[in-house]
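Structures are listed in the sections that come next.
Heads up, the next two complexes both have chain A, just with different partners, chain B and then chain C.
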Partner chain A sequence: MLRYVTRRVFLMIPTLFILYTLLFVLMRVVPGDIVDLYLEGGTVRSGAELEAQKLALKQELGIDKSLPEQYGIAVKKLLTGDLGQSMTTRKPVTDEIKRRGPITLELALLASSIAVIVAIPAGVISASRQRTALDQVVRVWSIITLSVPNFWVGTMVVLLPALWWGYGAPPVYRSPFEDLAGNLQQVLPAAIVLGLAFGGTTTRFVRSSLLEVLRQDYIRTAWSKGLSEAKVMQRHALKNALIPVVTIIGLQLGALFGGAVVTESIFNIPGLGTLTLNAIRTRNYTQLQANMLLFGTVVAMMSLLVDISYAWLDPRIRYS
Partner chain B sequence: MSVQATPVGVAIPTSAPVPRSRFSLFMRQVRRRPIETVGGVVLTVVVLTAIGAGFIAPFGYAEQEFTARLLGPSGLHFFGTDSLGRDVFSRVVYGARTSMLASTSGVLISGVLGTLLGLSSGFFGGKFDLALQRVTDGIHSVPLLLLTMLLVVAIGNKLPSLLTVAIALGIVGSTTVNRVIRGSTLAVKAMPYVEAAHSLGATSSRIVMRHILPNVMAPLIVALSVQFGAFITAEASLSFLGLGVQPPIPSWGGMLSAEGRSFFKQAPWLAIFPGVAISLTVLAANLVGDALRDVLDPRQRGS
Partner chain C sequence: MSDHRYWASTSSVSRRRFLGGSMAVGAGIAGAALIGCGSSGSNNTPAGGGSGGSTAASGPTVGSITGNNWGNRDNNAVPKMGGTLNWAPTSPTLANLDPLTSTSAMVHQVAMPAYSTLMHIGRDAKDRNSPWQYFPELATKWETTDPLKMVFSLREGVKFHNVAPVNGRPFTSEDAKYALNRAATDKASLFKGAFSAIKSIETPDPKTVVLNLSRFDPLLMPQLGGHFAWMTPKEVVDANKIREQIIGTGPFVFQKWEADARVSYKKNPDFYVKGAPFVDELNWFIINDENTRTASFQSGQTNIGDIPESGIDAVKADKKFTVEEYLRVQPYTLFMNYKDDRWKDERVRKAVALALDTNVLLKTMQNGHGLWRGIVSNQHGGWTLSQDELKSKKYYLRQDIAEAKQLMAAAGKPDGIAANLLYVSNYPQAYQDSVQYIAQQLKTNKIVDVKLDGKELATMRKAQDEHTYDGMALGLDGQGAPESFLLDYRTGGPKNGSGLADKDIDASIDKVTSIVDVKERQAAVKSWTDGMLQKVMYKIEFVDGMNYTAWSKDVKNFVDGPPFWYQSGHAYTWIDKA
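Presenting the complex of A and B:
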């Protein structure tokens, strides 16, 4: 097991390295860098002076060199664990990540909990009452929640209370450790919007996975032993059906981060999503690379955890 | 209780074998899946709206009337007007065209590119396969929406924004299609009929085109139908964030974005109608996708 985990962790490195390189090249072919965006429309307008300022700023940011040179320097730094400085704040990119990471983590954890809390009962009801009206209701509900774009649901969730009751969430983000109620007023609606959408996908997986399991011989055996429905479901069916469900919950994480970009910007949550979006808008290469690398690492770690949890959920699976 | 020993896939002769036309088979599916049929009808309406937008919309999508700003829904302006005095109904109608153009061309690019990559990766294997799959793994470890945004920005404003969105969606989407096709190609390649074709001296290109491609069509269609719905949402999300289709071209996502946002409290119809249009279209696309998957992929039936 330990050997398996070590090997997987080492295999992650080339994948992430390829990702880093792809992003590095892609971002530097983007027309217009941060310097152009900074200085255009500034006070200095004359050609030569503007060019000189641009060059100075580029040298300061280290983006005046050729692409291979920049890449070489960045990789050397990366190997020592230095992700570089943010091109807007001039502070280490990890500062912003440390500040905003927990915010997105809170959103992601709340959203996935909501997704799971909705999806497992709904999927079980749907599968155990297959082809009944209840099953139809669950199926239609889950396809609706996964179809309706979360930016529209988010817009409505912000707009309607404001329209009907003049209610608005606190406009400034508050840390849950200082003001839990104020924090939840802002984060919980976002988590519900995100969670319901992922709950839709997860419900479908719980349902189909459970239907598959319910056809197995050992379920018939459990019934013929005279076990109650609750026992058959909990002890025999659900335990086996959860394995593919764990996969899908783990693999949705990447999409969850993507969803966070949109929901964070609607609900004014200063998390990693808004940070990444701003980094794209301002061509803040270093911050963007660091964020993407973080997303990639978390997703890769998650899929490793999923595989490890297989062995725990299903003793038949052994890794060597 | 009698035990039937009929192998799967062998038709059991019934007392009166009824010849079934394609149409009657289709109608049987329609009767069996009422909800999915409604989805199909809605999607057809959206496609027809997209094609005939010029005939349906009473006003032009950029036509402004300054005396008619922020009017509520009425007999003249079914969905009201926006802050520039543009007819929201006409913009939603033209928005269908934007949405369908972006998603269908995205799916087309993703399908062609992904199939080419997946077929060659699965059929030839070797170093090319290894390299491609590593790159795919790398790409799939970051949120695809963010990657699409990055590509849109990278292509910049050299191309019309609608085409840029379609290309970005297509390239990012092709990595998923590539995975699906590669997997199916590996499975089909191991089939005895491919071996038979090989031993009869068929060339690689003939085997790929005549034997493998037709047999990976079903998973391809299923994957693309899923992408179709996802691309509609993705285009809307990009335009919502201001990175997608640029004004004055009407996009459902764009209509919900910054420009209209400050007026939503005064004029809620600005937020409601485009949102309903996206939601219904994506829902319809997903329902049709589900039905297609049910019919084409019997393993997933009933899920």
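Presenting the complex of A and C:
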């Protein structure tokens, strides 16, 4: 197992390096850079003066050099652990990542927990009561949560209480250690919106995986031995059905960490998602590269953890 | 001597503005004290609203506190002290706090409570579409009788905020010189062009600033009242803290910036207007999503809000809020690329204009609220053609499909031409609807077979600013002062999205903007506008829309600054607590 984990960790390095390189090149070949955005509302009028100002800004930001030169400098810094400075704040990109990472982590963990808490019982009920009214209800619910865009749900969750009851969540994020009630007022609705959306997908996975397991011979044997439904489900069926479910939950958690941009924006949660969105909008290359590297690392780590969990769930699986 | 004082003569224009649409903004009676400008040749006496004081109310009236420093809604009202003002401005991205190295409106909105200018620009508080006036701020008097010289007399007793490294020291003429020089010459300043007419700055004594000009520039005075000319202290710039700290002479002292969350302020106990500000704290919430901003306002998390068109009806219907509306520049403009031979024939450009119904675009862009715009925004009464003139047959803002087709046939293009229309793919729905309307109208009527080319903002702006787009672009323009709209037609002009580069037009613009007498200049601008509109010079500026600011009923005396000038009226706003 240790060799397997070590090998996987080392394999992450070239994967992340390719991701970094692709991102580096793609961002810089797209027309329009941060200097164009800076200058668009300025008052410098003549062509020559404007060009001089553009050059000065590009030199300050290090984007006046050729692409290979910029890449070489960036990689050299990366190898020493320096992810660079934000092009907007001129501070290390890690400052904002350190500040916002825990916020997004809280949102992601809460949302995933809600998804699991809802999805597993719903999936179990649906599978064990296949073709009954209860099964239909759960299936319809999971389709609805899959189909309705969560940005719309989020907007309704924010707007309707304000319109009907004059209620609004605090507009400024508070850490749970500072003000738990205020924190939950803001983060919990966002987590529920996200969690229910992911819960729909997870419910369907639990249901289909469980249905397959319930058809196995060893389950028939367990029934014929006279075990109760609860014992059959808990001891024999569920654990074996969880492999695809754990996969989806792991991938969702990774995606949530990097991708809850719209939800963070709607609920005004200053997490990594809004940081990434702003970095894209402002062409803040260094911040965007650092964020993407982080997301890639998280997804790769989640994928490894998921693979390792298979060995625990299914003793037949062995890694070497 | 001719009256060259830029804003002075506008104060003699009637403050009632006929809007011609459904806008009937309360056109209250402006106090005579609001018109402070003296006769020709004398020093400018600043405008102000200080007629108050004679009242039986308990406590000093707001008029007696503000004097002529501000135009209050009711000079006899007695302000209450304390409380917190919360606002979520509209622009989302706050990159840093240096007002000179960011053109994002966000930094100017959040920094305005802490900074001051020599004077500020405002309106009659009771008529939000009245002509703009100057109010004293760090300068209490200014002399502009010589078109190549401006002399400002500074206010006594002004101090910077008592925060390191400035530590509450007095503000002097040297500080004004430093701040203006920084704006005009710092390599990182994005607003150098605003001060290109300043040849030198002298400070004969700590209370006098003299600007010597290389040429008369009608835009200089309004620029000096704007965020380009905020008095930023040398110590903060030298300590390399200007991007993360705000220290000024304004009514509020910066506390902290929580990125993507809030910028917070506390009242300045040493503010030069004694007795102000009235509230204790000010918070600028940074809320990216428009719906969330509206919800925050409606739920009372913020007590002042910029309300989008889509949410305004609900806010207006709610008796808890007061809504004020006033004209603003609706910035969406159709550019035709000057370098593109397809647009060289004036008849083709006219045909494009005639194919579009400005009333429909007013509906899509502004829900029907606003006015037709020629070139100069309708915000500037006296500088624009009337609505009837703009709708006449003389110009091409009206719709006439038959005439459009005749023009195309006469130009040898009876079946139309093909062209792309570049647009921003992630702009609000009103913009997207306008894009679709324009494309559909031109295509259906065989004027232009439009191929839509959607790009995200940075890419689109680069193409607009470098004129590398193919065909047309529905882009952005919009300016502050009236003459600045002409500069958008000048070679290298700041928002010359067509890439127009015509020496004769440049010369005509220079001629108009060098006219010293304001009334003559107004007439010249209108005449120039007339000439340009008759030729449809590579751009069509459709409408001016409405801005909506709303506040909860317990917020009193809030007077928003004019668009394009960021200044804090929050010093003289109070909360009427029960």
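Going forward, the second predicted complex is superposed on the first by the 314 of 320 C-alpha atoms of A that agree within 3 Å, B and C clash if a C-alpha of one lies under 4 Å from a C-alpha of the other, contacts with A are read in each partner's own complex, and residues count from 1 in each chain.
The definition used in the following text is that a residue touches a chain if its C-beta (ideal position, glycine included) is under 8 Å from a C-beta of that chain, and two chains touch if they have at least 3 such contacts.
What you see is a predicted model, and the numbers here were worked out from it, not measured in a lab.
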Clash or fit, chain B versus chain C on superposed chain A: clash
Touched partner set for A:300, first chain B, second chain C, both or neither: first
Touched partner set for A:57, first chain B, second chain C, both or neither: second
Which of chain B and chain C A:162 touches, first, second, both or neither: both
First, second, both or neither for A:30, with chain B first and chain C second: both
Which superposed partner A:171 touches (first chain B, second chain C, both, neither): second
First, second, both or neither for A:14, with chain B first and chain C second: first
Contacts of A:211 with chain B and chain C, given as first, second, both or neither: first
Touched partner set for A:270, first chain B, second chain C, both or neither: second
Partner chain in contact with A:68 - chain B first, chain C second, else both or neither: neither
148-156, 310-318, 526-534 or 562-570: stretch of chain C that collides with chain B: 310-318
Contact residues of chain A, present in both the chain B and the chain C interface: 30-32, 155, 159, 162-163, 265, 277
Contacting residues of chain A [partner chain C, same complex]: 30-33, 36-47, 49-50, 53, 56-57, 60, 88-90, 96, 99, 155, 158-159, 161-163, 166-173, 265-268, 270, 274-275, 277-278, 281-283
Chain B-facing residues of chain A, complex: 14-16, 18-19, 22-23, 26-27, 29-32, 130, 136, 140, 143-144, 146-149, 151-152, 155-156, 159, 162-163, 204, 207-208, 211-212, 254-255, 257-259, 261-262, 265, 276-277, 280, 288, 292, 295-297, 299-300
Sites on chain C touched by chain A in the complex: 86, 88, 92-93, 95-96, 101-105, 187-188, 190-194, 196, 228, 243-244, 258-262, 283, 285, 287-289, 291-292, 294-296, 298-302, 314, 455, 457-463, 465, 487, 490-494
Chain A-facing residues of chain B, complex: 35, 134-135, 137-146, 149-151, 153-154, 156-158, 229, 233, 236-237, 240-241, 243, 253, 256, 264-265, 268, 271, 275, 278-279, 282-283, 285-287, 290, 300, 302-303
